[in-house]
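Dropping the structure in here first, questions after.
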Amino acid sequence: MLLAFAQTILFIAIAPLLSGLISKIKNNVRMRKGASVFQPYYNLIKLFSKEEVISDTASWIFKITPVVVFASVLAATILISDFLSLNSAGNFLALIFIFALGRFFMTLAALDTGSSFGGMGSSREMFISSLVEPVLCLTVFAYFLNGHALSFCSVISAIALFLVTLAETSRIPVDNQETHLELTMIHEAMLLEYSGKSLGLIELSSHLKQMILFYVIAWIVVPVNFSEFLFLGHIAVIIAIVIAVALVEVALAKMRLFRVTDFLGFAFVLGMLSVVCGMLGA
Amino acid sequence: MQIFFILAIPILLLAITWLIKDKKILGLFTCLAYFTVLALSAWLLKEVALSAQTKSFFGLVYLDTLSVFFIFVISVIALAVAIYSVGYLRREEEEGIISAKKIKVYYLLFNSFCLSMFIVPAVNNLGILWVAIEMTTLISAFLVGFYNTKQSVEAAWKYIIICSVGIIFALLGTILFSYAFSISGLSKSLNWSDIAPVAHILDKNILKIAFIFILVGYGTKAGLAPMHTWLPDAHSQAPAPISALLSGVLLKTALYAILRFGIITIKGVGFAYFSKLMILFGVLSLVISGGFILVQKDLKRLLAYSSI
Amino acid sequence: MKELVLIGILVSTYFMVIARRIQALIGHFRLQSFFLFLATVIIALTEKGADLYIIAGLLFIIKVWLIPYLLNKTIKRIKAGDNIGMTINSQLSLICALLFTFFAWTFSRGLFSGTSQTGISIIAVAFFMVMAGLFFMVFRITALAQVGGLLVMENGLFLLASTVSGGMPFFVEIAIFFDVFVSVVIMGFFVYRINKLFTHIDVDKLSHLKG
Amino acid sequence: MFDLLSLFFLFVIFIVSLPALIYSFSYLKGEYSAKQIFLAQVLLCVFILSMALVVTVTNLIAFLVSWEIMSLVSYLLVVSDGRNEKSVKAGMIYIVMTHIGTAFIIAAFLIMYKYANSFDFIVIKSISSTIPANTKNIIFLLLFFGFATKAGVVPMHIWLPYAHPQAPSHVSSIMSGVMIKTAIYGMIRFIMAILGVTSPSWGILIMIFAVISCLTGVIYALMVKDIKQVLAYSSIENIGIILLGLGLSMVFISFKFYYLAVFSLIASFYHLLNHAIFKGLLFLCAGGVYKATETRNIEKMGGLIKKMPQTALFCLIGAMAISALPPLNGFVSEWMTLQAFFLGAFNASGTMKLFLGICASMLALTGGLAAACFVRLFGITFLAKPRSNHANNAKEVSFSMRFAMFFLACLTIVFGIFAAKITGIISKIAAETAGVDATSMKFPFDSLSLTRGAGIWQISVPLLAFMLAVFTIAGFVIYRMFGAGQRIYKTWDCGYYKLGQRNEYTATAFSKPFRIAFNFFLLPYRRMNKIRESFYHVKTFAYETHTVPVFKRYIYSPFVIWVFKSAKFMRRIQPGSIHLYLGYIFVTLLALIIFVHKI
C-alpha cells in the first residue's frame, strides 16, 4: 500500500517534467534555446498563487470540474500503480472509463460559460474522444489476448496506443497545445475560461494524464512488473516516447479536424491487426 | 313445433301489412312479431342444441343444431333490422326520398325476405333448399333496387343476374348429388337426412365435381372472392337496414348451404379435399378484399368488402 | 326416336346462338322448349311415371307458351329496338358453340363413364345448353338476351335432371318451374325499369358502379 | 408462473412505475381537465397491470391477450393529447408496427402449438427438443423479429422515436423504461428458456442486429433536437447493448461455456435494470423541463440549471449514469458487458475472437458517442444563458415530480455503489434462465473483474467510488488552500463586443463534427443562402441542415407506396361490366374442374 502511495507522489512530481522535456527537445531541434525543462513547474506555482476570474453565467459545474478532473486523474494513477496492477482487464477498462469521467465534466464546464470557444472545444473534444475509445478498447483486447509478453502483437498495439495518446493529450497532428487560434485549438478551447488555481489544477491533471498514457505504453512494451525495480526499462521507453512525441510535433503540422477520422481509423486498423496477431498467437 | 310459429309469423305479418294503413302501428307490429320470433328461436335453440337431438316433421322440415343455430342468428339480426327500419323509414319519408306507399312495399318485401331466409335452414330436401335461396335472391333484388335510382337499378340487375347464374350452377351441383345418390342403388330422394348417413358409399369422382359446382354456385351467393363482384354494388345501393340484413345474414345462409353439402363431401371424399378448397377461396377473398379496403372511399362499399 | 328429339334440341340451340334479333331468339327458345317437351313425353312413356306427364304438361304451358308470350309483351312495351347487340358476330359464336359441344361431350364422357351411350349424349347436350346459356349472358349486350341465356341454362338443367336421375322428386320439379317463372317475371319487370331509367337496355352501358 | 425471471421483470416494472405514478399526479395537473386526468390515471394503471401480466403469465393465449392489451393501452396513452396532429400520426405508426410484430409472434406460437398441441409453457418446453432443427430456426426467426419490432431493434425501430415523445412524460418513461423490456422478456422466455439454444448462429444474428441498433440509435440521438426523441433514440442504443449481452450468452451456451454464459447474462440483466432506472429518470427530467419551458426543442432552452437546480442535478446524475461514468450504475453494467467480451474472446476459438473484438470496440464506440450525446443534451438544455424567454422565466417543478426524480436518482447511485450484492442476486436469476446450476460457479462479485493472475487487488466499484470521493476532497482542499480569491466578471468576449445568448453553441452546432464524420450514413442535407447588401456586406444569412431519415426514406416509404399502388391496381378487378363478372365465374369454374384431381 505504502509503495503505491509513494508511486503516486513520484508520478505527480515527474509528470510536468515530461512536458517540459518535450518542449525542450522541440526547441533544441528547432535550434532554439527555449524555456527550461522546469518551466511547467514555474507555471503551476504561478497559477496557484494568482487570483481566479469566474464568469457570471457559469454554474456550480464550472466550479467543481477542476476538482473532479484532478480526482479522476489521481484515481487513474492509483490504478496503474503497483497497488492495482494493469494486468487484469477490469483495471485496464476502468482506466478508459475514468478518463471518460474527467472528459465528461471538462466538456460540460466548457459549455457552461456560454462562449462559442467553449462550445467548439467541447464538441471537437467529444468527437475525437468517441473515436479514440474503440481503439483503446481494441488495444486492451489485444493486450489481454496476448498476455504479458513482448511480441509482434504487443508492439503493434503499443504503436496504436501511441497514435491514440497523440490524440488524447492533444499533440500536434490532432490538436495544437500552444496556439490560441480558435480554429485549431481543441483542448485549449475548453480551458479558455479557466484562470488561477483551477487552471493550475487542470494543467497538472493533463500533465498527469499524459504521464499515465506514456506509462501504459511502456507497460505494454516492457513486460515487467513495476515493483521488481527493473522499471528502468519503463523509464527508457518513456524517454523514447517523449523524444518520439517531440519529433512528431516538430515534423508534422496540425491536420484538418475531419482528417482525424482517417488518422484514428488507421489506429483502429492497427488495433485490429494486433488483435488478429494475438489471436494467431504471434 | 316452434318452427311452424317461426315460419307462420312472417306470413301473418305479410297479411297484416296488406291491411293496416298506418305506418306507426305497422312498425310496432313488425318489431313485436320479430321479438316473438327471436324468443321462439332461442327456445328452439335451447331445446335442440342442448339435448342434441334432431327434430324432423313429416320429412319436410329437418332441424339439427346447425340449422337451429342459423335460425337463431337470422332472428337476432331480423329483430335488430326491424327496429332500426322503423326510425329509418320515418326519416326517409320526412326527407321525401320515398313516398308513404313505398313504406308498405318495404314491409312487404322485408317480411317475405325474412320468411324465405327462415325456410333455408329449416328445410330438409336439398331441392327445396335451392328454391328457398332462389326466392331470397329474387326478393332481395327488389329490396336492392328499392330507391329506383340509376345506380340502385344497375346494382339490382347485376345482383339478380350474377346470383341466378350462380344458383343455376348450384342446381347443377344438386342434380349431380342426386345422380350420385341414385346410382349408388338406394332409393331416389333428395332429403339431406337420407343422404348424409350413407355418404361414404357414394362415387368419389362425381362427388368431387358436384361439390365444385355447389361451391361455385352458392359461393357466388356467399360472396367468395372471384364471384363477389355483385356484393359491393348491391350493398352500397340497398337501403341501410337491408344491406345490414344482406351482408349480415344472407351471405351466411349461402354458407349454410355450402356447409350442408360440405358435410356430405367430407364423409364421401375425405376432409383434405374440402379444407383445401375452403382455404383456397378463403385466402383469395382475404387478398382481394384486403386490396380494395385499403383504397376504398365509399363507406358502404368498404363495409361490403370487409364482409367479403 | 329419342336421338331425333335430341338433335332437334341441339339444332334449336345453334339457331339461338346465331340469332341476331330478339324475336328470333324467343322463337328458337320456343322451338327448343317444344323439343324438350317431346323428350319428357318420351321419357314419361318409357318410365311409366304418372307425374312425368303432369311435368311435361306444365313444361309445355310455361316454357312453350307463357314465357315467350311474356317476353314478346315486354319487347313491345319497351320499344327499344330489336337488335340483340352481339359483341361476337354470329359466325364466331357458332364456332364457339361447336367448341362448347366438343368440350361438353368430352367432359360428360369422362365423368359419366358408367351410363349408356345415349345417356352420355343427352348429358353432353345438357352441359352444352348450360354453357351456351352462359355464352349468351357473357357475349350479348341487351338485358333480354341475358334473360334468354338464363332460360337456356334452365332448360339444360331440366334435361339433365329428367334423364340422369329419372327426374327430381315431383314436388321439387313443380317448385323449380314456379321459381323459373317468377324469376322471368321479375327480370321482365327490371328490364322495363332499366328501359324507363336508361332509355336503352344495353347492359354494358350499366357500368357506373366501379372499384 | 413466478419463477425468478418473472419476479425480476416484475421488480423492474414496479421500480419504474412507482415514481412515474407519483410524478403523473402533478404533471397532468396543468393542461388536462379533471376527467381526462382520471382517465389517464386509470389507463396508466391498466398499462402497468397488463405489463405485469405479460411477465407472469404461463399460457400462450394469455400471453398474447395481455400483450395486445399492453399495446392497445399504450397506443391510447400515446395519443392521449389528441389535439396535435403529430401524436395521432405517431400513434398510427406505433399501432401498425406493434401489430406487425404481434403477427410474427402469433405465427411462431402457432408453429409451437402444432408441435406441443398445448398452450402451456412447460409442455412446450418439455417437447422443445423434439422440434426438428430447421423449424426451430424458423420459430426463432419469427420470435426474434416479432419481439424485435416491439423492442425497437434497428430495422423495425421506426415507431419508437415518434411514439415516445408524443406520450406524456411519465408514460414515455414507463414505455421506454419498461415496455421495451417486456419484449426482451419475451425473447428470453421463449428463445432461451422454452426453445433452448442449440446453434451459435442465433446468438451471432442477435449480436449483429444489436451492434447495428447500438450505432444507429446513438448517431441519430446525436442529430435530433427534440429532447424526448434524443432519449427515445438512446433507448434503442441501450436495447442494443442489452441484446449484445443476451446474444453473447446465447453464443456461449451453444459453445457450452456455461460460466461465461451466466456472466454475460448477468451483465445483460443488470444493464436492463439500470437502463430502466436511469432512462425513467431522464424522461421524468425531460417532462419537468417540458412543463417548465413548454417546449421540447433543446435549442430554445439553456441556463435552466440556475432556474431549476434540483431537476438539473437529477438530470446530471441520469446523464452520467447513461454515459457510463464510473461511480454510477450505467458504468457497472457496461463495464461487465465489456469484460464478458474479453473473457469470451479468451476462451472462444478462431474468427470468433475477431468477431467479439469488433463487437467490443463497437460497444466502446457507442459508449463514447453516448457520452457525447448526453453532454450535448445536458449542456445545451441546462448550462450557459437561456436562449428563449420561456427558458428565461422557467420555474422549478412541483415537489411530487422532484421527489420521483430524487427517488430514481438515489436508485442509480445505490445500484452503482452496491453493485456487488445486486449482481449476486441477478446471478441466480441468470443461472436459472440459462438452465445451468450456478452453485459451483464463483463470480468475484467484490472485485467485478476477472483476471488470470490471482493475488492482485482488482478494482471494484465501491473501491473506485471511495477513491474518487477521497481525491475529490483532497482536490477541494488544495483548491481552498491556494489562490488569492475569486472575482466574478463577464465571459471572455475577445474584448470588443457584448457576448449575447446567440453566440452560444447550439445542439446542431455541437453535433456538426459527428454529422460530417458519419455522413456516409446520415446523408446530411445543407442549404445556405446569403442576402447581400453589397458585395462585401452580408445582410442576412440563412443556414438550414437536416439529416436524411435513411430507414424511413429508403425502406418504409417505398414499401407503403408499393402497397397502395398494388391496392389501386386491384381496383381494376371491378370495372363495372357485368359480362366480365360472369366471365370471372365461368373461369373459376373451368379452372376448378381442370385442376380437380390435383386438389
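Order of writing sets the chain letters: A, B, C and D. Residues in each chain are counted from 1.
Keep this in mind: a residue touches a chain if its C-beta (ideal position, glycine included) is under 8 Å from a C-beta of that chain, and two chains touch if they have at least 3 such contacts.
Computed from a predicted structure; not experimentally measured.
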Completion exercise
What survives as touching clusters without chain D is A | B, C
Problem - Path length in steps (a step moves to a chain that is touched) from chain A to chain B - result: 2
Problem - Contact pairs, highest-scoring chain pair - result: A-D
Practice task
Please work out the Cα centroid separation of chain A and chain D, and write it as a whole number of Å.
Solution key: 33
Problem - Gap in Å, rounded to a whole number, between the CA centres of chain C and chain B - result: 26
Practice task
Give, as an integer number of Å, the spacing between the C-alpha centres of chain C and chain A.
Solution key: 100
Problem - chain B-chain D separation of Cα centroids, rounded to whole Å - result: 54
Problem - For chain D, residues contacting two or more additional chains - result: 571, 574, 578, 582, 593
Fill in the blank from the handout: Residues of chain C that touch at least two other chains are 134, 137, 146, 203, 206-209, 211
Exercise for the section: Return the residues of chain A touching two or more other chains; collapse runs of consecutive numbers into ranges. Expected result: none
Completion exercise
The chain pairs that touch are A-D, B-C, B-D, C-D
Practice task
Write out the stretch or stretches of chain A touching chain D in their complex.
Solution key: 48-61, 66-68, 70-72, 74-75, 78-79, 83-85, 87-91, 93-94, 96-98, 100-101, 103-104, 107-108, 111-120, 122-124, 126-127, 129-138, 140-142, 144-145, 147, 192-193, 196-198, 200-201, 257-258, 261, 268, 271-272, 275-276, 278-279
Handout entry: For the chain D and chain C complex, residues of the former touching the latter
Key = 571, 574-579, 582-583, 586, 593
Fill in the blank from the handout: Residue set of chain C touching chain B in the complex reads 111-112, 114, 130, 133-134, 137, 143, 146, 150, 153-154, 157, 160-161, 164-166, 168-169, 171-172, 175-176, 179, 182-183, 186-187, 190, 193-194, 197-198, 203, 206-209, 211
Fill in the blank from the handout: chain D partner, complex, touching residues on chain C are 87, 107, 134, 137-139, 146, 203-204, 206-211
Exercise for the section: Please give the residue numbers of chain B that touch chain C in the complex, ascending. Expected result: 125, 127-128, 130-131, 134-135, 138, 141-142, 145, 148-151, 153-158, 160-161, 164-165, 168, 171-172, 175-176, 178-179, 181-183, 188-190, 205-206, 209, 232-233, 236-237, 292, 295-296, 301
